[in-house]
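Presented sequentially are two complexes of subunit A, the first with subunit B as partner and the second with subunit C.
And now, the complex of A and B:
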């Protein structure tokens, strides 16, 4: 397992009362728990992944997410079982949408 | 697309959370220890493996046709729905609460290969605690219903737990047994049991076979709303019997008779023929309604 921590500047997200969870820790999948964070302009990410050696890829995928979406003021925890970058991007967008209003 | 397919939500394909959402009255579910408040397994972390926030089981309270219900759902995609220490403790806690608060029923949405081998001792203890808690819940007059239809079936310790429940509702896709097919093949060899032979696996452990044998009270379509309708119908007619030695002795006799009658057979096909099914080869291809009609027409 590898533990990774990142933070990116991002436009503030609409604050929500409840955390959002999406995905499952299954093969080729991951779960994302999105909580309210402290700094309104920061997206803080903590990753636990079964696949070692992909720190650069994670940084690129989450950096692109934080640039494309208003994800400031969030704290994102990820448990990963080898999800591909495309799956990670989709799950991040899904978690943010659910966090901001239960959009499926 | 055919409308009946478009509106169908497969139980087999659904996650634990989707199963709960579709089973209970809409919006009635309140999770106990939700992911943000829960702790992932410390044992998996020590083995350098990522855990799941809910440790692979969702527990909580809700309503089924306005009746108060406690519910637990195992997530088969996370380490085969296997029971670790926290996973087990959540289930035991829910059952103990059911003894106190007496909901109309506890529903166990089982999807598990049994004990989580990464934390085997804690998992084995957890299974024995779950077994005791299921019996204590039933002794308190609260029915405990097992719903089986996920990709992992109900095997190992969770197979035992399922059989301790008031009743089992199963889909054709569901499987129920003690040792799983791969375990039997590993221990006793491929001549004893070929776990790659999926048709054989289902003829021996699958939902249709379990229903024909009387191990399961109802055979249900692989559909979330079908499970909801079946659980509702079952509970409407069910009165949890007081535990008694007489009841246990009767079950023991039944099992002994079953062993005498079918113990020598190697395949579901042989057993179905012995049960009185005239064309046993047709059973795997029958749809749910035809199979239920066939069972109801069998000599008793």
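And now, the complex of A and C:
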């Protein structure tokens, strides 16, 4: 198990009342919990992953997500069981869309 | 004046006569008819096959003349040796035994699949000489040109006493093999699953067949085209949504072929749901060159599909196909007639799109399924996945693609050749690479060319989880390279993209992300699949689809 922490600047997301939960902790998959954060232009991410040694890839995936989506003002907790970048990106997009209630 | 060439002009026929006489002298057939007792098959093979012969062993990715293959491998290498094998697929252990036991030393083929690693080892030990790796259609073509078999060993469902053959739904390669062999002085031997007084229909007439043998058990058929919907992932659903909305709908693709795999199975299962919601029923996917994929059942039942011509059949689909004779090509007896050569021709000339997957793709768009230590070959993909310069008839999809590629005054159209891949395979192996393993494999094989499955200049679109790259609209090799890097995700070559250039390509619509296509990622769930299990497929078929036991878990 490896723990990683990142934060990226991002355009503020529409604040929502409820956190969003997406995905499941299963082989090749991951669970994402998206909560309101403190700084409105920061996306703060905490990752627990079963696959060690992919910090650079995580940084690139989260960085691209924060650049492409309005994800500022969020705190994202990830439990990963070896998901590919494709699955991570899809889950992040799903969680954010869920959090904002359909506004993209 | 030149003197007439002193040669005999019917040596093939005379040679054939001597082979048949040798068999007759052993009491095999001749005036006793064409039926050979199963315990004398080795005697027959040793009587009619000569050292140095070119032998076609029928076997492709589905049905296999497995009994004849095992029998040939059990022949004496003292009697039979230096055979040159021509066959679609090297799939069975006995196919490789021929080379390991010293009966054969040369091979021309299309695909090796599960035997790819053993084959690579034999090549490295120089115990096998590979003539070439072909597409199916290309190999069939050479059967009628410079690789005509002396002896063909084929598989049929049933024979009658005269030697007429019924091939059943898995007709596949048999007509091409038999025609080339029987009309050029060759010998045709068929293993059959049963002997019948009256055949349901005659697929091969008796005078093209020399011997039949009742095999101890029915010929093996691999259920190669069955994909369990339970294994389709949400990333595959997302990619299928992109393909349907960004390619199928935009070009109005009605005539197409799908490769094997879960990516295209996902598309088939989104037709009755996502594509129907987009109003695409009747506008896309009406005519197919395709094996009877069980995952196509929901689209057929939903009225999407008008016609399907098949290369071969698929285990468990026979009753469903018979009951849907408006859609599938079936005989007067009710059972399907497949034909690989004709279906490949349809895929080459009459389809507007091929969409399939690959294991590796380089920055020029060349793709390969060859990886180090395995010689796998191509099958039909390079034929389906190429833009045929011999095509002349127009269609809206073909014209639109042609104008994108060659400008508004184009004098020709363009086939859509779509590669659909996730950027990483299992164990985080990147699909997008700077150099294909095929180049290293070429060196280890001593081959003239690297085994590239689909050439980059034939590829029109690449679909990954990151988006769609339209290579037709690229105007320079640099743009093409950046378009590929721009959908290569977080692979090393994807991370090495020129970000400004990729954004420019996106502004011009050459690269499109899911959000550019108006795709809500929350819809990309398995709930969008018309069937989520094999049991769902059985239900869609009204109980007509009978999946093989390994796909039944209820």
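Here is the rule we use: the second predicted complex is superposed on the first by the 101 of 104 C-alpha atoms of A that agree within 3 Å, B and C clash if a C-alpha of one lies under 4 Å from a C-alpha of the other, contacts with A are read in each partner's own complex, and residues count from 1 in each chain.
Here is the rule we go by: a contact is a pair of C-beta atoms (placed from the backbone, for glycine too) under 8 Å apart; a residue touches a chain by one contact, two chains touch by 3 or more.
Here the structure is a predicted model, which means the values were calculated and not measured.
By the touch criterion defined above, A:48 lies against subunit B but remains apart from subunit C after alignment on the C-alpha atoms of chain A.
In the superposed model, A:97 makes contact with subunit C only, not with subunit B.
Looking at the shared chain after the overlay, A:60 reaches subunit C, while subunit B stays out of its contact range.
In the superposition on chain A, A:26 makes contact with subunit B only, while subunit C stays out of contact range. Of the two partner chains placed by superposition, only subunit C is touched by A:87; subunit B is not.
Common to the subunit B and subunit C contact sets on subunit A is no residue at all. Taken together, the subunit C residues at the contact with subunit A in this complex read 233-235, 238, 422-424, 428, 464-466, 489-490, 495, 513-515, 520-522, 524.
Note for the complex: subunit A touches subunit C at residues 54, 57, 60-61, 64, 68, 84-87, 89-90, 93-94, 97-98, 102, 104.
Interface residues of subunit B, counted against subunit A in their complex, comprise 15, 34-36, 40, 45, 48-53, 56, 75, 77-78. Residue ranges on subunit A touching subunit B, taken from their complex, read 1, 19, 21, 24-27, 29, 31, 33, 35, 48-50, 77, 79-81.
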